[in-house]
Structure formats: C-alpha cells, structure tokens
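Chain lettering (A, B, C, D, E and F) follows the sequence in which the chains are written, and residue indices restart at 1 in each chain.
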Amino acid sequence: MKDMIEDHRVIAEPWYRPLADEVALFEAAYAARMPVMLKGPTGCGKTRFVEHMAWRLGKPLVTVACNEDMTASDLVGRFLLDASGTRWQDGPLAFAARHGAICYLDEIVEARQDTTVVIHPLTDGRRVLPLEKKGELLKAHPDFHLVISYNPGYQSLMKDLKQSTKQRFGALDFSWPEARVEVEIVAHEAGVETATAEKLVDIGARARNLKGHGLDEGVSTRMLVHAGQLIARGVAPIAACTMAITRPITDDMDMRDALDAAVATFF
Amino acid sequence: MKDMIEDHRVIAEPWYRPLADEVALFEAAYAARMPVMLKGPTGCGKTRFVEHMAWRLGKPLVTVACNEDMTASDLVGRFLLDASGTRWQDGPLAFAARHGAICYLDEIVEARQDTTVVIHPLTDGRRVLPLEKKGELLKAHPDFHLVISYNPGYQSLMKDLKQSTKQRFGALDFSWPEARVEVEIVAHEAGVETATAEKLVDIGARARNLKGHGLDEGVSTRMLVHAGQLIARGVAPIAACTMAITRPITDDMDMRDALDAAVATFF
Amino acid sequence: MKDMIEDHRVIAEPWYRPLADEVALFEAAYAARMPVMLKGPTGCGKTRFVEHMAWRLGKPLVTVACNEDMTASDLVGRFLLDASGTRWQDGPLAFAARHGAICYLDEIVEARQDTTVVIHPLTDGRRVLPLEKKGELLKAHPDFHLVISYNPGYQSLMKDLKQSTKQRFGALDFSWPEARVEVEIVAHEAGVETATAEKLVDIGARARNLKGHGLDEGVSTRMLVHAGQLIARGVAPIAACTMAITRPITDDMDMRDALDAAVATFF
Amino acid sequence: MKDMIEDHRVIAEPWYRPLADEVALFEAAYAARMPVMLKGPTGCGKTRFVEHMAWRLGKPLVTVACNEDMTASDLVGRFLLDASGTRWQDGPLAFAARHGAICYLDEIVEARQDTTVVIHPLTDGRRVLPLEKKGELLKAHPDFHLVISYNPGYQSLMKDLKQSTKQRFGALDFSWPEARVEVEIVAHEAGVETATAEKLVDIGARARNLKGHGLDEGVSTRMLVHAGQLIARGVAPIAACTMAITRPITDDMDMRDALDAAVATFF
Amino acid sequence: MKDMIEDHRVIAEPWYRPLADEVALFEAAYAARMPVMLKGPTGCGKTRFVEHMAWRLGKPLVTVACNEDMTASDLVGRFLLDASGTRWQDGPLAFAARHGAICYLDEIVEARQDTTVVIHPLTDGRRVLPLEKKGELLKAHPDFHLVISYNPGYQSLMKDLKQSTKQRFGALDFSWPEARVEVEIVAHEAGVETATAEKLVDIGARARNLKGHGLDEGVSTRMLVHAGQLIARGVAPIAACTMAITRPITDDMDMRDALDAAVATFF
Amino acid sequence: MKDMIEDHRVIAEPWYRPLADEVALFEAAYAARMPVMLKGPTGCGKTRFVEHMAWRLGKPLVTVACNEDMTASDLVGRFLLDASGTRWQDGPLAFAARHGAICYLDEIVEARQDTTVVIHPLTDGRRVLPLEKKGELLKAHPDFHLVISYNPGYQSLMKDLKQSTKQRFGALDFSWPEARVEVEIVAHEAGVETATAEKLVDIGARARNLKGHGLDEGVSTRMLVHAGQLIARGVAPIAACTMAITRPITDDMDMRDALDAAVATFF
C-alpha cells in the first residue's frame, strides 16, 4: 500500500503558468489544512493547477473523476472477497486520507449531492473518516488535504453543492487566461510559433463572445491547443480549427457559420 | 469490539463556548434518556456541542453523516463474508446501542425519510433495536443515547422528518452566537487578535443581513474562522475574506459585489 | 431458534390504561385468529397496547418497523452464506408464523404497497406463507397472529393500503385519551404529581386545537410525558415544555408563539 | 423435490359454493390446457375456487402472491450458493411447470407488466419455459395448468395486463354471490345461525350500494364472515360489525355514519 | 453445450399456413444473413412462423421473451459461481451466436431501448458479439441468424425501436389472415368442423371492426382457436365464446354487449 | 491477455471508400493522440471507417456498443471470483488503454452522461485511468487512442454530451455519401450491377427528401445495400425494396405510400 501511494507522486514538474496569486493562496490554505474549492469553466487549467501544487508541495495526488453513479462506497472503500474471506479495500478518499495525499475530487457537482456528505468529517476540526462498514474511525494523516473542483456554469437546482458543503471550503476562481498569457500557453503546449498561437487566441476570443448567443460555453484553452497540435503536424490551419474547435463545440448551423467566419478572418 | 469503542472516546476536552442553558438541558435529557434533536443552520457549532457533551458525560461518541444513499443496513449492520462463512458486522447505530455510546446522526434530514423509522424502537420505552437480518433483538446498553441534528433551512415537502419521528425527541435550537461570543470563538479558533476577530464578526453580521436577499444561508462562524486562519498565516485580510467567505458562498455577481463591499468597509 | 423466540416474550406486564373495550375486542379477534389493524395518530399508545396484549395472551411479540426500503425478503427471509454453503434465515414474519408469535407490523403504510401482499396468504383460511426462495410452504403455527398499525393522517394517494389488504383485517380505532385518563398516564409515566400532569394535559389540549390551523398533527401523549420527565429531573417547567413540546413539533414562528403562550398560561 | 410438490397437494376438500357453471367451464379449459383468468373484486372467493378446483382435479397447487417487486427470477428461478458451488433453485412457476401443478398467480396485475411476459411461452402451443440463466428449455409437464387472477377495479393506465397477455387466457367473471347463496356461505364459514347471517348479508347489500358514492369497493363476503366470527365468539353484533366491517373499509366520517346506520337498522 | 443446442432443434414440422410470399422472403434474407423484423398484432402467428422457418431451414431456435427488466447480461451472459470459482454462462444471444441457431427476440420493443444496442455488432458486417465481461470477442457462427418481433400497436414515444436499430433489419408485415385462410387455421388448430370455424371467423371479423371504437386491439386468431377448443370439448358455443373471446378482451360493459350481440348473431 | 488483444487486430483490409480528407485528419489526430469524435447519422459508415483506420494504423480495435445500463465498471473493470479469491478483469476501456488499442465507444450519447466522465483522465495530458476499485493508476500505452461516435440527430436535453467532454475531442463530420460514391458503395457491398445500384441510390435520395416531413431519419446507405443483397439473391426489386427499405423505416401509412411510390418510379 505504501508503494502504491508512490504511484501517485507527481515526479516531473507539470508546466503551469500562474494567472494571479493562486499559488500563494493555495499554499496558505494547505498550511491551515483548509479544504480548497476550484471554480471555473471546463478546460481552463484547474486539473493542471492541482497537479502543479501537488508537485510543488511534494505530496502524492489522488484524483477522482466524480459522476452520479458514484456511491459513498466508491469513495470510502469496500470489502472484497479473498482466498481467506474478505479484505478491506480503501476507496480513493480513504486511501488519500490514510497516506497523506492530496485528494482531488474533480467535477464534484456531478456526484450525487448527498454522497458528498461523506467528506464532511474530513473537512472540519475532526479530520476523520468513519469507515462504517469496517468499523474503523480513520484519522486523517497530517499531510492530507482535500481539493474539489466545481463548474458554476453547470450549477442547477438539481445539481448544486449544499451550503453545508460549500461553507467548509476556501474557494479560488479560475477563468480563461488573459490573451498574453494564453498565447504563451498555446505556443508552449502545442509547439507552434507565437504568430500562430496569437491567431488561435484571437479566434478563441471571438468565439467566447458568442457565449450566451447560442454557445453554451466558450472555447477552452485546451481546444486552442488542440488546433495548434494539428497545425504543428502539418494540417492546414482552417481544417485544424474546424476539427479541433468548431465541430466539437456545436451542431447548430448558424453558430458553425459564425465560428467558421471567425476562423477565416485570421487564417 | 470493546477496544474499538475506545477509539470513539473523546479524550481531550473539545473547546466549546456555551450560548445559553443548552449544557444543562442536554444533561437532563440524558438523565431521562430522552433522545435529543439539535436544530440550527450549518456551521454554528452543533457537531462541536455533541463532542463536548460526550466528553463531559464521559461516553464514547459514534457519529454518522447521513445521506440519502444510506440504507437501513448501513445503520443497523450486515453480514460480511469471512473465511468460515458469514460474520455479523454491527452498523454504527447497533454498535453504539450495544456499547453504550452516544450515537449522533448528523443531518438526519438527508437520510431517506423512511430509513429513519429504524430508530423508532430505540426511542421509546422499549429501547431495543431489532436486528432482523441476524434474528437478534438488541437491547440498548443503559448508557446509550441518541442525538440527531436537523437544519430547518433545508426543510422541504420531500425532505422533512415525519411527525412520528419528531415527537420522539426533545429539541434544542442553535443559531449564530451573539457578537461578543462569536468574537471570542473566532479569536480562539483562528488564532488571531481580538481586533481582527471583531472585524470578521462585523463582516459576518453584514453578510447575514443579506440572507433572504439573494443568499440562501448566512455566513457561518466556521467561515469567519477560516478567514482568520488565512490572515494568521500572512494572507492579506481582503484576499483572505475573498477566499474564505465571499467566493465559496455565492456565484452571483451582485451578491459578490455586496459582500466585497462589506469586506472593504472593515479592512 | 426456539430459544431466540423466548427473547421476544414480554416478561413484565407493560403498564397500559384501557380507553374502552379494546382489550376484549382484541381477545375475541385473537380467538378467531382474525388479523387486527390498529388505527390512530402517532404517540397515542398503539405499540404499548400490542405489548400489553402479547403479555396478557402470553405470546411472544415480533415487531417490525416498516419502511419503504423494506423488501418482501426482509419480511419473509433469505439465504445467508455459511461455512458449508447457504443457510436459510427466517425473516421476522416467517419467524413469527413458525413459532406462534404475534407479529406486529408497525406503520405498515410506510412499506411499499405491493410488498404488503406477501401477508395475504397468512390472513385468510390458508394461513400459509410461501417461502418461494426456499421452496417451502410454511404453515402458520396455531398461535400465530398478525397485527398491523396504520396512521390515517398519513394516508395519501401514493401511500394507502389496498382494499384487498384492508378487508382482511378487523380494525380498532385509537385516539388521544380523554383528559382524566391522560392525566393518569402522564403522572404514572413521567413520575410527576397529578397537579403537574393536569397542567401538561391542559397544554396538550390547547395544542391539539391548533391542529389544522398550522400544526400537522396534535401534541402526543408521549410529548407530555417527555415534558414531565424533564420537570421530574429539575428542569424549569417552561424550559421543559419548550424542549419537549414546542420546539420538536414545529419550526413555524407564529405557531411557536401560540404554543409558548399556551405553556405560559399554565406555568 | 418430488416430495416438496406433495406439500402443495390440497388434501381436504375446500368448501366451495358454486355460483354458476364455473366448475364445468374450468374443467373444460383444463382439458384443453387453456390458461384461465379469474376476474372479480377482492374477497369474493377466487382463491377459494382455485383451491377447490385443484382438489377436484387432484393436482398440486402452487400459489404466488404477485407484487411489483417481483422479478422474472422470482418466478423462474435462480442459482443459490452451495457447499459445492451453485445450485439451481426453481422458482414457483418453473416448479409448477416441472411437476405438473396448477400455478396460480394471484393479483397478477400487481406484477410489473413486463415481468408477466415470462409466462407467454407457457401459454401457447409451445408450453415451454426458457430458464435462460440455467440454459435449460423446460418443457411443461402435461398436467401443468396456469391460472391468474385479476381485479378489474384496480385497472389503470399504469397497471393493466397487456393485450398480448390477456388474449392467451380464457376468462371467468366472479362477483358477490346472490343473497341466498351469500347467507349460506356466511352461516357456514362463520358458524352463526341463518338469521344472523341474513342480517349480515343485508348490511353487506346496503354497503355495496354505497360503492361509487364514496366507497372504493363494496363490502366483501369475507368481511361479513369476519363479523359473524366475532358474534359467534360473543361480541355484541354492533361492535362486531364496527370492528369487522365499517372501521377497516373507510376513514371517511360521513361514510362511517352511513355504514353505522346500516348496521343499526338490522341489529 | 453442443447437446444443449439440440434441445432447441424443432423436430416436428410446426403447422403453418402461409399468408403471402413470407417464406421465400425469409429464405432470401437468411441467405444474405440479413436480420429480420416481424411486425404485426398479437396472436397473428409470428411466433409460429419463426418456428416453422427454423424447422424448414433445419436450424435450432433460441427464443427470448423480452421484457423491460432484461439486462444486457441476460442476453449476453454472466459469470456463475462454481466449486472452482467462476464459470461463464452464455446468455441466449451468445449461445445462439456461438452454435449457429436462429435467435428470436420476441416483443423486443418491451426491452429497454438501450439494452437492444448490444445486438448491433451482430447485425452488420462484423457479425461479432463482444462478451465484455469475459474479455471475448465472439465471432458469430456462419449459420447464426437474428429475428425480432415488434408490435406497431404498442409503439409509443417511450417504447419504440431506435432508427439505428430498425435500419439494421429487413421487415415482414403480418396481419390477421383473410377469412378463407383463417377458417382453415381455426378448423385445424381447434379440431372443429368448417361450419363452426366459419362462424367463429365471422365473429372475429365483427369484433375487429370494433377496434378503435373502444377495443384496443382486435380479436386474435388465437382467441378464435380457444373458443373452438372449448366447443370441441362440449362447451355450448355461446359460453365458449364468452369465456374465450368477450371476457378476456374487455371489461367495458358496452363493448361486452356489442361483442355478445356479435356472438348471438352466429350461434 | 497479450493473446487476447490479438483477437482484436483487424487482419483483412475493411473496404472503405473515403468521402473527403477524413483519413489524413484522423492520422494527424492519432499522431497527436488527440481523441476523435465521429458525428453523423446512423448507417453512414462511421463504424466501418474506424475499422479501416485501425487496420491502416496497424492497431487492435476494441469496440463498445454504449447503452444506458452501462456502468463505469463495465468500462473500467471489476473483480471476479476465482478459485483463489478475486481476480481483476479489465473492462474494455482499461484493456485497450493497457495494450495500446484504439478504443471505439460507439453511440456514446446512449451512455449515462455521467458515466462518460471516466474517460476524462485518458483524454488530457495525464493519459491515465484510475482503477479505483483495484487501487491502480493505469498509465495508458503510448499507442492507445480513443474514438467515440455521436449521432447529433439523437441529441436532446436529456442525452447530450457535456461540454467538458466534447471539448476533449477533435470532431469529424460524416453524412450520406454523394450519389456517385454511394452507387460505388452499394454495387460493391451488395454485389449488384451499377444500373441497379443507381436506381437504389435514386430511391434513397427521394426518401431522404422526406426527412422532416414525417421520417425521423433518412434512408441509410446500409438499407440500400440490404435491398441490393435481396435483389442479388433473386428477390423481385419491388419486394426487395419493400422488405429492406420502406417497411423497416416507418409504420405511418402515408409515408409508406410515398416511399412505395418512390420505389415504383425506378423499378
């Protein structure tokens, strides 16, 4: 088990371009072991940020992609059959709490609202996790830290965190990086020249203006990187933008025309 | 099993600042073994109060974070596979009843309304828990006591305790502490000076006035403590309040502006 | 198994204050083995009555707190894994039928309507329970008797007994005892003097008048006993009534004021 | 297994008072192995009729009380764990088909509509039951016969048999017996004199006139027998009618008054 | 397993009276291994046709009565516990695909729409069935053929086949046979003389005219055969028609009168 | 396990007629390991395209027919019982990630929206799949690639991919081939002469014009191939078109007449 936790250590520094003071705030929250909530749209770098902080703090990182089929047992653990009967298998939350990892519950708003209450005893002064099925009261390792991510754009009556959950976290807002920074990111990640990256970032800015006028969500930095990667492999820029940006984001014909026009303006 | 119950003993006195006569009332209810219901908003100290009372009465404390996926078996117990067949594993309710612990069902209103009927035979003169799957009629230990918490703000047609459940409990109301007391709590818990704690409590009071004007629930004492903890670790007060108070509590831009203005008034 | 049924024998006479001719009617129904349905509001003494009758008839009592997660298997039984394979475990209904106990299905209206059909073959001339999973046709012990309770106040389109179930039972109506009787009950159960019990019963009568004007259900005898128990342990009467009567029953501020005024009238 | 089927043989002749030509029609249907559907209100004698026919034809009877939690596996069978691995356990339908019993699916309309399709291959020329989990194509014993019961009063959009199921059955209608016959039944079953039985049947007739004017379903013959049984054990006739007839059937106060008046007319 | 497939071989020729060119079209579809969908109302002979074709083509026939509780595992297979661990058990679809049978999914529209996608890889050029739980990519036997049936009268928004399923099948329409043919069928199947069969077919034709005027579905050929079978066993024709035709098909009193009148016209 | 992956290798070149530059774009996406989403109506060749690309790239292909009963465990894997306890069984997604296959999730929009989040960590820079139940962080093989298909025509409020999923993919649009190309495909796949294929393609074009005027979806190329296959086996062209085109696609009588007229125009 000790060895298994090592698999979760982030060996190489994940490249991360800070947007503001988020690194220092996260470090202070970690020092106080105050659980942290990362808010922001899809594809803006929340996951990368957590990986970077885990590397920077030298702690293993256990990531859980939350989904509504996830039960409390999936987080906490369960008994498995073995040659000699049953064996307890820590779920990722118990595993992280026991071994002092950072536990990152990605898109927690997807999980059933009430499943999330199992994290409550880990997020106040108690810092315990009752493994009720095992009859163990797991006391969290001093290094353990809990991070969740949350996309306010998905927020709805049915799917929102409860106030009693929200109030247990400090929150950091994430958004699209400003143009200068995003160019740097796209050029670095896609391996294209700055001139190309600038055009892609311009296209992204245009597309984000369409949000609310028919697009559910703006174009993410990830999509711009995708287009850059295709260009870097020799695909014609317009075809690359079509495949990586306009086609995935919408099936609405008018919206596609508007996006195609934005692409044609720059390439 | 006897040893396991010791894990649930509260060794060190949990710091608790009484608000009124709740300690004496709880003691009288315990003396009559009348089950107790704690009502009040999130983060106002209900859990800490139960821990304090368990310590004061010298009884082990078994806490269950209720959720709607919780089945009767999760409370009562189940059979587990073993090398020699099946072995009965008490659930937390049976465990507490058998060993004379205080069983605290936190946020019971989250549990499926009808799951909660399993506590009925423990809450009247019978003081028994039928372990139907095991065929045992568990008679509660004389020290056993049942405590539930309940947030009236969450009350809805779908999620409310049944009258036949409510009438089995004595109830204690909890609310935000008065300013003088809350300053004391924030200073103690966050490790900040009284002057800082006073400012944080003033901010909290302003924010609570917004409840009903766009905020679902007021700012909890816990959030004020969080802000204090960041300040104590060198984060600038405004950034600390942003991360610990305004960002977690709402995504509404107008509300954020109002909260930010409240913060700016005092720091 | 024979021994286990002894655990369900009611050794000491449960104190019960008859309200009308319910004892004689129950005895006649038992003599005809006609299943009995007890109707009435929560906390008026139905459970105590069944315990009393079980003691009086000298039969073991198997009580099941019904809930909507209860499956037919929970009532009838299931196979459990054992060192040598599977072992059949009677559910409480089969257990009672096999050993000649009185089986009391408490709040049966909570159970899934269709789960209740499993009791049908036990309630007519056949008096059998098919254990389909075991392939056994269990013939009920001659002493076996079935009692259910039912709160007409909970009745709704979704949750009502089917006519084909209701028509299999004789019914006894229960309600709040008349004042004179209730004083006797409160004084006996709470251990307070008659004068105090009279005041509590007066408060109860006032509160019951509020039913339909904002209270879902009146104040039960049990709550009056609770208040008496706190008073008997030295709590001031008003504080005792607050904790045991007004706070559990409602969160509505106007209703609380009305109830507080009723309490203040008498103490 | 052969022995277990003997448990289902109806040894003593169940007393049955024919209403019309239903015995001869059932015999012809059995001769053609045409599945039979018994339609009629609750408590009018459908179950007793099937028991009588099973006795008359000298075939074992396997009865299943249908409910909406019943799965196809509950009818067909499943694998159970055993010392040496898994063992197949026939469900009641497979058990009856294999051993040549009459299988009576009581209140089939309660079962999930689509669960009932598993009976289809047994009800046409194929007369087989695929035990898909076991990989066996069970050919029905030549004596096997399928009978279902069905209460048209429960029929609703959600719960009705599919046409493709209905068309596989011949149908026999059942209703309340005419007065002369019902008197005979009540006197015989309850052990009361004819004069008393006549009064009870008169009360039943009055009550049935209220159906549609506030009563969901009329008073069944079974309820009249219940009242008679109490009278036979010395309960006063009015108290007996109250317990056995008016209280079980309705909680509506006006309806109770009307029923009480009907009782008072005759006793 | 090889032997078990023999149980599914249709030994005796199932009597089938062709209505049009359906036999030749099915043979051509089989030659191209184009999956076939049989459409038509209940009881018009679809199942008999498949049995006849299986006999004619000399292939085993595996029939599945679809229902909405059916899971993908029920079709594909699952692991079963055994003395030496787990053993894979082919579901009927895998069983038929492996051994070259005709697999007939009867009333497929009853199955959960999305469960049906498991048949997709068997219905195009791939002709494979991924046994994902077993990790096997089952290649269908060259003789394997897939047939489904489908009642357009049941079609609804909730229960319809997806276009992506429908387009994988060739379709054959079935309907009630023309009078001349139906007389032949009824006489043959029921064992009655032609004159009686003609009267029954006339009654059927009248009843089918009522479809849409209060009858959900017309009278099936199967019901006419049922009536004939009762007559052949000596039941009076009117009683036979009542039991086999009018009582099963409707509980509506006006409709019953209309049907009874139709019966009285001919007998 | 190594051997089992070989079962998934595409040995013979699957015949594929490119429509535009989709082969080159897929190759560039594969070079960047950018996940690919294939969009388009049913039966237009998406599955065949993936098979062709797997053959062209020399990678094994693991196909999953998605459905809403599919759980995360069905994709990721589970423990199976074995003679010596439990054994881990990779699900198809883990299997493909471990062995460097192309994983094709067909009709992913059918899967429960939130089940699809399990693919997220495989679709960004991490390229990992947490096997939470096993406690393994599976790092994807460098050859692993993820492809999903998606029918925009099925898109609805309930069933659409989340933006956070869509933005992780490059997208390729598929549609019906232009007439010249479709003739080539039908002639090749059905084995009919070009003249016949042209007529079938003309019929298809007519039928597609009816889409939106009563047809949910146009006639697919697959259906034209089906008709050709029947013709190639000697079925008269009109009967072939009836069975393969008009009968499967609609039960609406007007629409059938319109389609029959289209068929009659060309044959």
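One rule holds for everything that comes next: a contact is a pair of C-beta atoms (placed from the backbone, for glycine too) under 8 Å apart; a residue touches a chain by one contact, two chains touch by 3 or more.
Predicted, not measured: the structure shown is a model, and the values here were computed from it.
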Which chains, if any, touch chain A and chain D both?
none
Any chain in contact with chain A as well as chain B:
none
Number of hops, chain A to chain E, where each hop joins two touching chains:
2
Taking each chain's centre as the mean of its Cα atoms, which chain lies farthest from chain A?
D
For chain B and chain F, let me know how many angstrom lie between their CA-based centres, rounded off.
51
How many angstrom lie between the centres of chain D and chain E, each centre taken as the mean Cα position?
30
For chain B, jot down the residues that touch at least 2 other chains.
81, 84
So with touch defined the way it is at the top, what topology do the chains form here? Options are line, ring, star, complete, other.
ring
For the complex, which residues does chain D have touching chain C?
1, 4, 7-8, 14, 42-43, 47-48, 51, 63-70, 74, 78, 80-84, 89-92, 95, 106-107, 110, 151, 153-154, 216-217, 219-220, 222-223, 226, 229-230, 232-235, 239, 243-244, 247-249, 251
Touching residues (chain side chain F, partner chain A) in the complex:
21, 24-25, 28-29, 31-32, 34, 37, 39, 71-72, 79, 81, 84-86, 112, 114-115, 117-118, 120-121, 124-126, 130, 132-133, 135-137, 152, 155, 162-164, 166-173
